[in-house]
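Heads up, the next two complexes both have subunit A, just with different partners, subunit B and then subunit C.
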Partner chain A sequence: MRRSEWIENPLERLIAIAGWAAMLFLLFPVVFTTVVSFGAGELIEFPPSGWSLRWYAHIGEIHRVGAAVLYSLLIASCAGVIATLLAVGVALCLVRLPVPGKALIGALVTSPVAVPIVALGIALIQFFIWLGISFTWYSLLIGHLVLVIAYPVRTLVASLSLSNPALEEAAASLGAKPLVAFFTITLPQMKPGLISGFLFAFLISFDNYPISIFLVRGALTVLPIEVFNYISQNFDPTPAAFSTIYTLLLALVIVWAERRWSIISLSVASEGGPGGKRSDR
Partner chain B sequence: MAEAVTPLRQGSGTGLAAACLLGPAAVLLIAFYAIPFLRMITESLAPANAGAGWMGMSVEHFERLASSGRVQRAFTRTLRISGWATLITLVISFPLALYLVRAGRTIRTAFLIALFVSLASSLIVRNYGWLVTLADAGPVNRLLIALGFLNAPLRMVYSEGATIVALVHYAIPFMTLPIFAALLRIPSSLSDSAASLGAAPWRVIRDVIWPLAMPGVFGGVVLTFALSMSAFVTPLMLGSPATAMISQVAAEQFLVQLAFPFGSAIVVALVLITFLIVVVFTLIVRKVFRAQV
Partner chain C sequence: MASVQIDDLHLALGGNPVLNGVSLELADGECVALLGPSGCGKTTTLRALAGFVRGDRGEVRFNGRSVDGLPAHRRNVGLVFQDYALFPHMTVAENVGYGLRMRGQSRLAIKAAVGEALARVELSGFEGRLPAQLSGGQRQRVALARAIVIEPDVLLLDEPLGALDRKLRDGMQVELKRLQRELGITTLIVTHDQEEALSLSNRVAVMFAGRIAAVDAPAALYRRPPRADVMAFLGRANFLSVTIDPSGVSAGVLTPMGVRLRAQPPEAVRSPAAGSKARLAIRPEHVQVRRAEPDAQAGEFPASVADLIYRGALAEVLLQVSPAGDGPLTLSADLPAEGLNVQRGDAVAVRLPDEHCLIFEENGA
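Take a look at the complex of A and B:
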């Protein structure tokens, strides 16, 4: 469509209006939450009758928030790093090696995101109780690993498929050892996939509630559970302050990663974002 | 025809290399995904009285599931909520994807970043955003009162409607991004030639763009439907016990009732029903649109 058609054609105008309306729908809750977080009142009100920063100070009052943040960071970092490392092997195998049953392997590895997350949590807690390792931090980590491994597999397969094997052949024919060729040629080409795969694995783990609610008891706790509990027991704007900080940090990370590694173009090229594989049958 | 030889494939160690590369992930997924799921399926078939049943298996939990009014209502409600959420998400996302393809570079990048932040954002944070937006003293109620549509605030949160709104909000990036990717692959020459042959703009969209975008639409629809069917956190935060979806009922069997076999049976039924609907939907789309999906 040429730009001039835009103005003249009523249908094009309608599409533009619908596009902006959809974007506003997406942004409104974020905007309202941010405004509410600066309110002075004891309850959620919009627009707030007065302004204050006290709800930001009040974030510390969320039950066990310190321990929850530390556990969440620990689990999400470990899950992100381990899932990405495992995914490098899977992706190399799927894209570069002539192994039989690639479709089956791919389907198995990416299917944990297609089953209901609650089902995963339920299946795992029964299994961990049977093994006698329930409610430990490493059983929680294992649960998160199973859930998140699909994301780096998907982004790494995408960036490997886009990369050029001829470069490795050139390196090999010039006498580079396989490992040298891997670290100097293949790995740099996988970088966008590594970054966005790790990022999504980390974020999915950091935010997970439905698996953690089954795998967590007693002293072990994670951030989504404590924030969820706070929201269901209190009606003050503290979670709004938390949400504002969370969204701001996340937006900064995404913009930075997009600028540096074009993670968005990679995900669109691989059809529909890192979550796209959730539909895998 | 000689295949390209990459350094990884040099020599005869392909099998060994594949085993080393796949091994760790395979061990993880077999031990902590395949086996737990198989155990859950056997659990759902375990008879209440040990030793009873045919070969130690019994469908009594599934019979109980079929006769439980609460479970049946939750299933119907889950199907209804998922159907509406998927339809509304498609209606919002398709024009958004069309607009993304047409928009200039700056707007497109800004919109894509917003979609991505939304996709990567915390589900609890996003649902809380709707608790604020739809609150009694929230912006929607205040606006409706200011415009004279309401005299007193309307209780909008903790309802089926609020759950659908939040599910739609959650699913928009999952629907928009595959459609956008499919639209990008349609050569602009196609719509140009359709237009130059005299097709009205809306006919170009209906007869050229929409069928060609079908793989993306299909992907988005299946994804949104599956996400809604298994929704747990969203109905927990924006619904009430009276609007419980099936994942909540299953979780309750584990966390409150401690009825593991019955809870397992509910989860197995949910997976089977979702799978069946997706298969039927795939066949319909293949037949009607002749699309390769």
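Take a look at the complex of A and C:
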């Protein structure tokens, strides 16, 4: 580090140290899991006594891993797409339309994030029993939808709030019918919110254990459940190998999406984000 | 091209009256500036012409035909927004071509028309840029090109130069005027900048509190405004409380300084009754100041120089006058800065030339 980059102010130095410490703390489980996955021993050990890739070859031993991956992908894709489409309507209504009770709608739609997931799971079970709906992939999908819709709503509200409503008026003055203006002007403005909203919904669904454990019955299964079952019966590093691959794929997707659409800046809803390209005043 | 009539337009937004009977006509090809302080309803008037809001009462007509039932996208109005509202995800060419695309024109025709419009605003070669890659002045030109390329019946400009810095503004002012003249489009410019209004338009409409207060050619409106508030808004003015000569002789007025003036009310205003109170107004550039003993016979009265404010070509001289029996009052005079021979604290002789004094009724209207 060059001398000029040293932080002179002791308070600022303290904050910087705290920041790095927090980051190491957050990264530690990931690093731990990754290191463990390359261990040669039969049991999880840190640091490993020898190195091997054999646990990666062993991933297939996780019970029903193929079906679980497929189901998880199906549920997460459907939940992501449907939640994002629904969220477009919700966000338009929250940001652009003079709808009464906006705050209530916003609070309700985003409330599953704040409700304990156990309570949500129990509620969903009761709900489906009451309706007489069987517990299959689509009831699981509905459960996941309830959980994940908050994320695309948040990102879409952020991108819509950042886009300039005068753009739609400009389109109208140039002869665009309302629907045409929506698809050619409004929707492209929402693109970062659509992408990041879908990604968040997909990932939260793909990852979810608690809701799934309540709603999964019979032949249906999802990845987190099978991985957890494996862990509860075995102590070898196979799940670590699986997690490492999963983390790597996830990181690649997020880095790519962030490069392309700055999705992280949008989900934090900072000003001047990607949707914030409104012309300078 | 079209003529535009706004007829007794009333509009309330969220329970607040914004337009209280706006009536204004634009002849075919005419350029009118709608000038007023913020909140006077000028932007709402523009939005009513564009079709974004609809009057509660009254009518908007293009070429004598009511457009009240027409939504914005069917009005064929070119609009330049204050912040330009360029589509950020489209290139300059796509922005300018958008309106033609909506009109179903062929790719080739659009390309040719876009090229021509960009040439008009001197932006040839910028077709592939994104709005984010343009300067403020360039964005303004793109917005203008996008509005004129559709050959609108009416061109609406909302504070067109408001977001530009001083120097760019002067350049764009000249260019806007040239464009408007070349294209001959009926144009309404909404602005709060009186200089912009005076320099760009054939006629200026001054708007206060949801109503048009005065409409006239820029020079006429500046020289002989029909109302005191219009005179005060359109440039600077000195106001004095005066009495209409009770003897009724030759429509003179008695000033607090004891000087009799033969000022005239504007033609549009009926003369106040003899003996009644009135307001006399005079622009600072017409106040005459001389370093000498005042000659009462020539209509001069004494004053002292309270302050001098240097403004480049002109210097504003603040004159303290102490009329007998009345409180002191301050007059402002603009004198050429070069060869200025008065200083702070000087005793001077001041004259208000009859021909530049205007009389308004006491209540200001």
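Brief remarks on what is shown
Assume the second predicted complex is superposed on the first by the 263 of 281 C-alpha atoms of A that agree within 3 Å, B and C clash if a C-alpha of one lies under 4 Å from a C-alpha of the other, contacts with A are read in each partner's own complex, and residues count from 1 in each chain.
Heads up, the rule we're going with is that a residue touches a chain if its C-beta (ideal position, glycine included) is under 8 Å from a C-beta of that chain, and two chains touch if they have at least 3 such contacts.
What you see is a predicted model; the values in this text were computed from it and never measured.
In the superposition on chain A, A:Phe28 makes contact with subunit B only, while subunit C stays out of contact range. After overlaying the two complexes on the shared chain, residue contacts for A:Ala170 are found with subunit C alone; subunit B is out of touch. Using the contact criterion defined above for the overlaid structures, shared-chain residue A:Ala103 touches neither subunit B nor subunit C, since it reaches no partner.
Once chain A of one complex is fitted onto chain A of the other, the partner contacts of A:Pro210 are limited to subunit B, with no touch recorded for subunit C.
In the superposition on chain A, contact of A:Pro188 is made with subunit C only, not with subunit B. Comparing subunit C and subunit B on the residues of subunit A they touch gives the larger count to B.
The intersection of subunit A residues touching subunit B with those touching subunit C, taken from the two complexes, comprises 166, 169, 171-172, 176-178, 181, 278-279, 281. Residues of subunit A that touch subunit B in their complex: 1, 6, 9, 11-12, 14-16, 18-20, 22-23, 25-30, 32-33, 36, 43-47, 86-87, 89-90, 92-93, 96-99, 105, 108-109, 112, 114-127, 130, 142-143, 145-146, 149, 165-166, 168-169, 171-172, 176-178, 181-182, 186, 199-200, 203, 206-207, 209-210, 213-214, 224, 227-228, 231-232, 239-240, 242-243, 246-247, 250-251, 254-255, 258, 263-264, 267-269, 271-276, 278-279, 281. Of all residues in subunit C, those touching subunit A in their complex are 50-52, 71-79, 81, 83-89, 98-99, 102-103, 131-132, 136, 139, 146-147, 150, 163. If you check the complex, the residues on subunit A that touch subunit C are 164, 166-167, 169-178, 180-181, 184-185, 188-189, 191, 277-281. Those residues of subunit B that touch subunit A in the complex are listed here as 3-10, 14, 17-18, 20-25, 28-29, 32-37, 39-40, 43, 92-93, 95-96, 98-100, 102-103, 111-126, 128-133, 135, 137-139, 142, 169, 172-174, 176-178, 180-182, 184, 188, 191, 201-202, 205, 216, 219-220, 222-223, 226-227, 229-230, 232-233, 236-237, 247, 250-251, 254-255, 260, 263-264, 267, 270-271, 274-275, 278-279, 282.
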